[in-house]
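We just call them A, B, C and D in the order they show up, numbering each chain from 1.
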Amino acid sequence: MALKTAEQYMERLFKMRKNIYINGQELDRLDPRLQAGINIIKETFKLAAQPEWQELCTATSHLTGETVNRFCHIHQNKEDLLKKQKMTRMLGQRVGGCIQRCMGTDSMNALSVVTKEMDDVMGTEYHQRFLNFLKYFQENDLVGCCAQTDVKGDRSKRPNEQPDPDLYLRIVEEREDGIVVRGAKAHNTAAPYADEIIVIPTRFMTDKDAPYAVAFAVPGDHPGVKMVVRPALPRTREATPSPIFQYGDVESFTIFDDVFVPKERVFMKGEFMFAGFLALMFAHFHRHSYTGCKPAVSDVLASAAALVAEYSGLEKAHYVREKISHIIGTAELVYATGIASAEASEKFASGTQVPDEIYTNVGRRHAGHNIYHEYEILADLAGGLCATMPFEDDFDSENGELLRKYMQRAAGVPVEDIIRCYRLVEHLTVGDLSGVMQVAGIHGGGSPQMETIALMQRYPLKKLKGVAKYLAGIDTDFTCFERGTVTPKQIMDRFKRK
Amino acid sequence: MALKTAEQYMERLFKMRKNIYINGQELDRLDPRLQAGINIIKETFKLAAQPEWQELCTATSHLTGETVNRFCHIHQNKEDLLKKQKMTRMLGQRVGGCIQRCMGTDSMNALSVVTKEMDDVMGTEYHQRFLNFLKYFQENDLVGCCAQTDVKGDRSKRPNEQPDPDLYLRIVEEREDGIVVRGAKAHNTAAPYADEIIVIPTRFMTDKDAPYAVAFAVPGDHPGVKMVVRPALPRTREATPSPIFQYGDVESFTIFDDVFVPKERVFMKGEFMFAGFLALMFAHFHRHSYTGCKPAVSDVLASAAALVAEYSGLEKAHYVREKISHIIGTAELVYATGIASAEASEKFASGTQVPDEIYTNVGRRHAGHNIYHEYEILADLAGGLCATMPFEDDFDSENGELLRKYMQRAAGVPVEDIIRCYRLVEHLTVGDLSGVMQVAGIHGGGSPQMETIALMQRYPLKKLKGVAKYLAGIDTDFTCFERGTVTPKQIMDRFKRK
Amino acid sequence: MALKTAEQYMERLFKMRKNIYINGQELDRLDPRLQAGINIIKETFKLAAQPEWQELCTATSHLTGETVNRFCHIHQNKEDLLKKQKMTRMLGQRVGGCIQRCMGTDSMNALSVVTKEMDDVMGTEYHQRFLNFLKYFQENDLVGCCAQTDVKGDRSKRPNEQPDPDLYLRIVEEREDGIVVRGAKAHNTAAPYADEIIVIPTRFMTDKDAPYAVAFAVPGDHPGVKMVVRPALPRTREATPSPIFQYGDVESFTIFDDVFVPKERVFMKGEFMFAGFLALMFAHFHRHSYTGCKPAVSDVLASAAALVAEYSGLEKAHYVREKISHIIGTAELVYATGIASAEASEKFASGTQVPDEIYTNVGRRHAGHNIYHEYEILADLAGGLCATMPFEDDFDSENGELLRKYMQRAAGVPVEDIIRCYRLVEHLTVGDLSGVMQVAGIHGGGSPQMETIALMQRYPLKKLKGVAKYLAGIDTDFTCFERGTVTPKQIMDRFKRK
Amino acid sequence: MALKTAEQYMERLFKMRKNIYINGQELDRLDPRLQAGINIIKETFKLAAQPEWQELCTATSHLTGETVNRFCHIHQNKEDLLKKQKMTRMLGQRVGGCIQRCMGTDSMNALSVVTKEMDDVMGTEYHQRFLNFLKYFQENDLVGCCAQTDVKGDRSKRPNEQPDPDLYLRIVEEREDGIVVRGAKAHNTAAPYADEIIVIPTRFMTDKDAPYAVAFAVPGDHPGVKMVVRPALPRTREATPSPIFQYGDVESFTIFDDVFVPKERVFMKGEFMFAGFLALMFAHFHRHSYTGCKPAVSDVLASAAALVAEYSGLEKAHYVREKISHIIGTAELVYATGIASAEASEKFASGTQVPDEIYTNVGRRHAGHNIYHEYEILADLAGGLCATMPFEDDFDSENGELLRKYMQRAAGVPVEDIIRCYRLVEHLTVGDLSGVMQVAGIHGGGSPQMETIALMQRYPLKKLKGVAKYLAGIDTDFTCFERGTVTPKQIMDRFKRK
């Protein structure tokens, strides 16, 4: 059994080289500002160790036959996809939002597919390298983060057109034993407490962009890697140390300051035709993960909204039910797309099971279109107090008794529960994490704009127009429009033709 | 093989007693105003007879083992539900909208479940009666319509509270050999060309409403049944007789003027505790059918929008793609809920496979919330011409040449195709059927309002609030929120407890 | 007093040459299919003759000092704009929608501005010609329609780039005494019963498009003008001949088959730099008219929704009030923009008062974005019966008594009133005019897409960014952002600079 | 001239008794955590002293004829309302959001109206008392805050029905020389640095609620008043000390712990029939203020969105313009309702000019419905960096140069400007104030739910239904629907009748 404990994970972290920076200070991984993020990852170890969670949180490695954490697994069948989705939702509920470890999973799955396809077309040998790395990854129950988004400079220009060539990460030197890369990647969630950074391209590329078509993995404290990080933390709560206040988010702006990557950890090197395929494949697996985590976020918001409405004596009001039903409906619609996507998934040459991309895109887009509105509903139902409630220490002061008196709501609900409920809602609506969660709800996994683009590029529009042509009498043959599983296989085929 | 031909279906129709009224005239089923509706039903016979459609359009009766039209089938497993959904979408594309025969299917499935549950609880013998009727129904490949919606009088009052007791259909006399019923049912799609009318209750009922808790089936021309019908027809097209102009809708306002129903065709008689269960079960199966037919409507609209954009030279414009992607996204979201609902379906005591109700409700609601906006998008992209295009005969007149000259659009598209395309769009946006399809998109299968109510009544809100209680530290045990399959089984259990 | 009677208007019409075509037939203006449209125009004469309406429906000509119908007036001040807006709403309520005569008013006002500006810049003599025409127009109380929208062919190409040069109307010959024009204009509301057709360009033009920069007026039956028209008519009602069933819409596809226009009626001839200015000016005045007529449409829809809710016993239900409040809110928001636009209006060189363009654009856009949703609300609250109600003659047949029995709703409301109410709702939601009104709600006066473009072209974005630059410390001087009245004067100035 | 300087205002503050609490500490008004709020109020003094702002920021007292700060003014005419609206927008742009001083203005104006009406009906002498207080208020250029929202306990119960009678503020003792009150008011913006607290009721009341019908003013440090406050502060910026980082918000949970109010400062004492009138009147003036401040918030958001798009090289992208146009459109629609509301305003018995309530309600509601979406657009266009950008000190550290390198965007934009721009966007989207501004955008001045209720209570629905009744032929007389100015005068009349 290749499962490690939360303690073993932390021990690994604490041994790592100092390369984390906050506010100009160089830190090691013991820094308290990182612990709220680390606490989230720890849950993924803890639950995998509990019998009642094992079916969901562990899997059997197709490589070694050993039991591995599902976050280290390469999906082999429909059931794997369904379980990953469900695990993501359940864990998300438990930590009150993003579980953070899926980025590693999604990038590893993307690499499993694309290294194989590249090898088949180009005669390269990336897939075996990847499998070697995967074996190491699974055996040690490693935590991966994914560094995808380049800083991108002028958004209207391609990588090779930027005035400063480093605005997309690129290979600056090729050596016998590896490559040297330079650039920076933004928005690397969980990077400061990940074992491994998985680096992949962020977009489609042309032959002129070849040096930018690069994928690899390096340890989090690899020489030359600098992480300038930004934590978003819950308020410290002494009086109400609820679970929600243990969890936070840390984002890294990761600089690759001429970093040497040894050959055996390089998974793409200049195969520009596959850069977009890999970028899309990660987005795709990640959007499928979103069909699990976004419903969890909605569950948390709907749950808090329903609780505050109950405590205020408003639970039965028509408009309250209507609004809560909107959040629930969003959760269930998005979750349904993940199920449908697994149902329509396909096995690729590498053996990896790839979810249907249209369902994941419409699901992720629907989530993205609704996230701010869901926060709006919670704030609407909670009333202004979520933004104006006195701080915790005031409740312990000479004014404490009066504050408690005036916090009373529905008869029979202990005022301490009302306070705890409001602390949660405050945290969700105006806390340090609130804005970050909203922005993540738009951009994490690609904004709705990106999903619309992906959707319209991949949807068989010509076939769809056949319906109108038949009905209008322009084409006389009816072929019913079944879009088929418009899976990445087609991208691959497209690339093969080139 | 219990499949009949379209011709056999029509022969049955033409033998029926005159009891159809339009504009005060009594008609038989040969009347030309009914043919556009009949043409739709005929497709369900024709395709079931074509080898490439048989897997989708036929099924094996669990009763007789014979091959039956899928519209006569009682769903036995997940695959049956998935195929019914897909069949509905494919046929919907072919007739440009509602396939009309599903109402019979959905009401028969609902009866299969509820008659069994009633028998188990009440010791009645409805289920065997139902199976006898089903056998007859399947063997003759009958077309059923469902008469559910009572005229309802004052909406703020229950059946027994209405000033006129007949505003909900009720039993006015019980006899040894059957019952006599009086009342009227509105919105009976396809009733004038159905073989059988399946009558079921429209809402939950109390003990005072017992005479209103009634379900039965009678032939379409049964003595005492009067159908005052309203067809919505396409314009007659001589120059462009495209498929779309063959299909239309006919709605019946069906009056039961003291109708005798023989005992063997009565499936509920006063069991008021089961009235709501049956109403909900039909709604439920019907909402699952919507996850097939509504995507078909979206397919037709998106397809027409994409075609008119192509012909206008606008297909690549960002805003055009954005808008079309909205319709596509709606189709795929709604379809995904049907798949998820089948995945989470459960087998009931009768052996009938019942889809998950939360997914069907959120899917149907999403469809209902978007239908007008989808029509808006088509009208938006088509431009005003869909409402102002000269009539067909003008194109055959002395002005024909000039009109053709000025109808030219993107180079290379024959002007006749442009005209045909616009005739389709005109039909969809301003034709006689357009408003009817919009209203049906709101109300058919229950309006979004109804789905919100169903959703909030059935969603395990208490369990959901457990998430917030855990995160806020109010409850210290975490149980992840899995709503479970909130299927009608629970309703049944609820009734059993009474 | 230059007011004519409805009878005088009709006499003029009936004397006109036959040049109207429906279904390939050549008609005169007595044809019954035109009367529902004519009835609307007649209201504008009738009310102007009633003392209590005169302040609203008449004005004092700035040219002659005589009392003229407000539809013939050139707005001289803020009050004129406010009264035009109010008149439009009040008349719209009376005819249940579009009052149809404003297009002439709006194009005349646009010409009053642009002919003057052109003369000032180019040394032409259009303004005096226009004033001569205006005098004739006012003295005879003429009805104008506006032919603006060219058929446009491939939308991605400019006028001069179209394969067929006639896809935008153009000057094909210049003579001493006038010009000859060829082309076609679509969507000419009310053209078949207008005295005069005012023709103006539909877009901005370049020097290569000079022959397309043309404006003029010709009588409705001018030689060479052919109108292929499409009426959208209410159902004929004998039992319930309510006001709403007297009114309809007629749209013309107007072909200019080498039409000679005498010099004194030509108001632009090749001044391509002013083509866009004139197009925009008409759109602008017309969008201001929309701030009157669109609230009227909302008034009708909200009113019908409230009435059907009352009759159904649902008036107090929260969700009913919420939905109706949406329609009311739309009406009042849009109407407010018209008032604000008049408040911020400016007097131009010609003396014409020009409304603020930003307010009219955001108002018209808001209306366009909501129109389908308003219809949706009405259909939602009315229930399916608006689409399935039996036809009128059935209520006079042997089934009449039973139908009346089953149409009963809230106690105390006569069933005849319920039937009348539903006939209105049916007309609004599924009638022949329903789709046309929806499409007009999107495209009439320019679709929301067009308003967004106009808004973003004219909004002082650079100035707006000054706010962010100040707050961010990029620019240290604060100048508060007052967009100023971004009126067409600026367009004019822009043209003057060229 | 009764204008004071910002310094004089601060001197007053610093002399006040300590009765502010944060985190259990008792503070005076010099505490640094209050300064960001104080800085906002100071702007209202500073600008009133600048000649170019005086027309907007000062007014002539109708009481004394002296020049007073417009925030101390009672609106006398339409122009006053228009100027107040404009001033609010301009100042809001300058401080990047809420100007905070309007609450005092709005409550004083409400009192001016209601004290007069009460006197007229009840024979009381509140109005003269109020005028005396107003004179003092104006002469000293005082800053008022408004304490309206009671803590309310169980929302489904009225004041007199709460288990603890103090959950709404009430009179607990009446004395010869005044009253003693007990209770708490939540969400008192700016209270900790206001000179005066204006206390008014929060809802309609019945005779049983008489002790809760109370209005008065006390100085901010009045004996028995305790403010437990919650500041929302910008991050401290040393490297980029831009204007935006000087401003913040402070909310008070104000406890009236048996506070004695001298007679001459009591403006309502048990006149329960006027409690709702006063509550509504404040809401009404405050919603009119919203038509100024909410456009300012939109100006800031649109401005930041446009700037970040420009700096990213995306300004011309269609979807960027579409999204920014949405924010601009919201600003202009809401602003238009304020203008229309002033246009339709009425002078009341006290001489106060009262804006039209329907326009203010639909305007405020539209603002409330869009606020989260506007933040969403900014976050969408800014990209994830607004949430993940390294902290300020990192830019001054050893990594500073690399961070600057990777922050480059469109050529020619200095990287320091890009950083400043992102600091602003970060502040707006994920800063401490961000969530507070969102919640304020929903609840400040009453949530959309409240405006819908107000709108539907006051809209002349019966009159509106007259339109449908005429068109349907139910009523044969047409009276056009002019809702009239549905001003509070009608409430007053309603009360008079009682």
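FYI, contacts are C-beta pairs under 8 Å (C-beta built on N, C-alpha and C of every residue); 3 or more make two chains touch, one makes a residue touch a chain.
The structure displayed is predicted, hence computed values, not measured ones.
When the C-beta contacts at A-C and at A-D are tallied, the pair with the greater total is A-D. To find the repeat of C-D among A-B, B-C or B-D, check which pair has over half of the same contact pairs by residue number; it is A-B.
Set against the Cα centre of subunit D, the chain with the most distant centre is B. In the contact between subunit A and subunit B, the residue numbers used by both copies make up over half of all numbers at that interface. Subunit A and subunit D, compared by their mean Cα positions, are separated by 39 Å. Measuring from the averaged C-alpha position of subunit A to that of subunit C gives a distance of 51 Å.
In subunit A, the residues that touch at least two other chains are 319, 322. Of all residues in subunit B, those touching subunit A in their complex are 86, 89-90, 93-94, 96, 240-244, 299-300, 302-304, 306-307, 310, 321-322, 324-325, 328-329, 332-333, 335-337, 339-341, 343-344, 358-359, 362-363, 365-366, 417, 420-421, 423-424, 452, 455-456, 459, 461, 464-474, 478, 480-482. By the touch criterion stated above, subunit A contacts subunit D in their complex at residues 21-25, 149, 151, 153-157, 163-164, 166-167, 183-184, 186-187, 226, 228-230, 232, 251-253, 255, 257, 312-314, 319, 371-373, 375-376, 379-380, 383-394, 396-399, 402-403, 405-411, 429-432, 434-436, 438-440, 442-444, 447-449. Those residues of subunit B whose C-beta lies close enough to touch subunit D in the complex are 318-319, 322.
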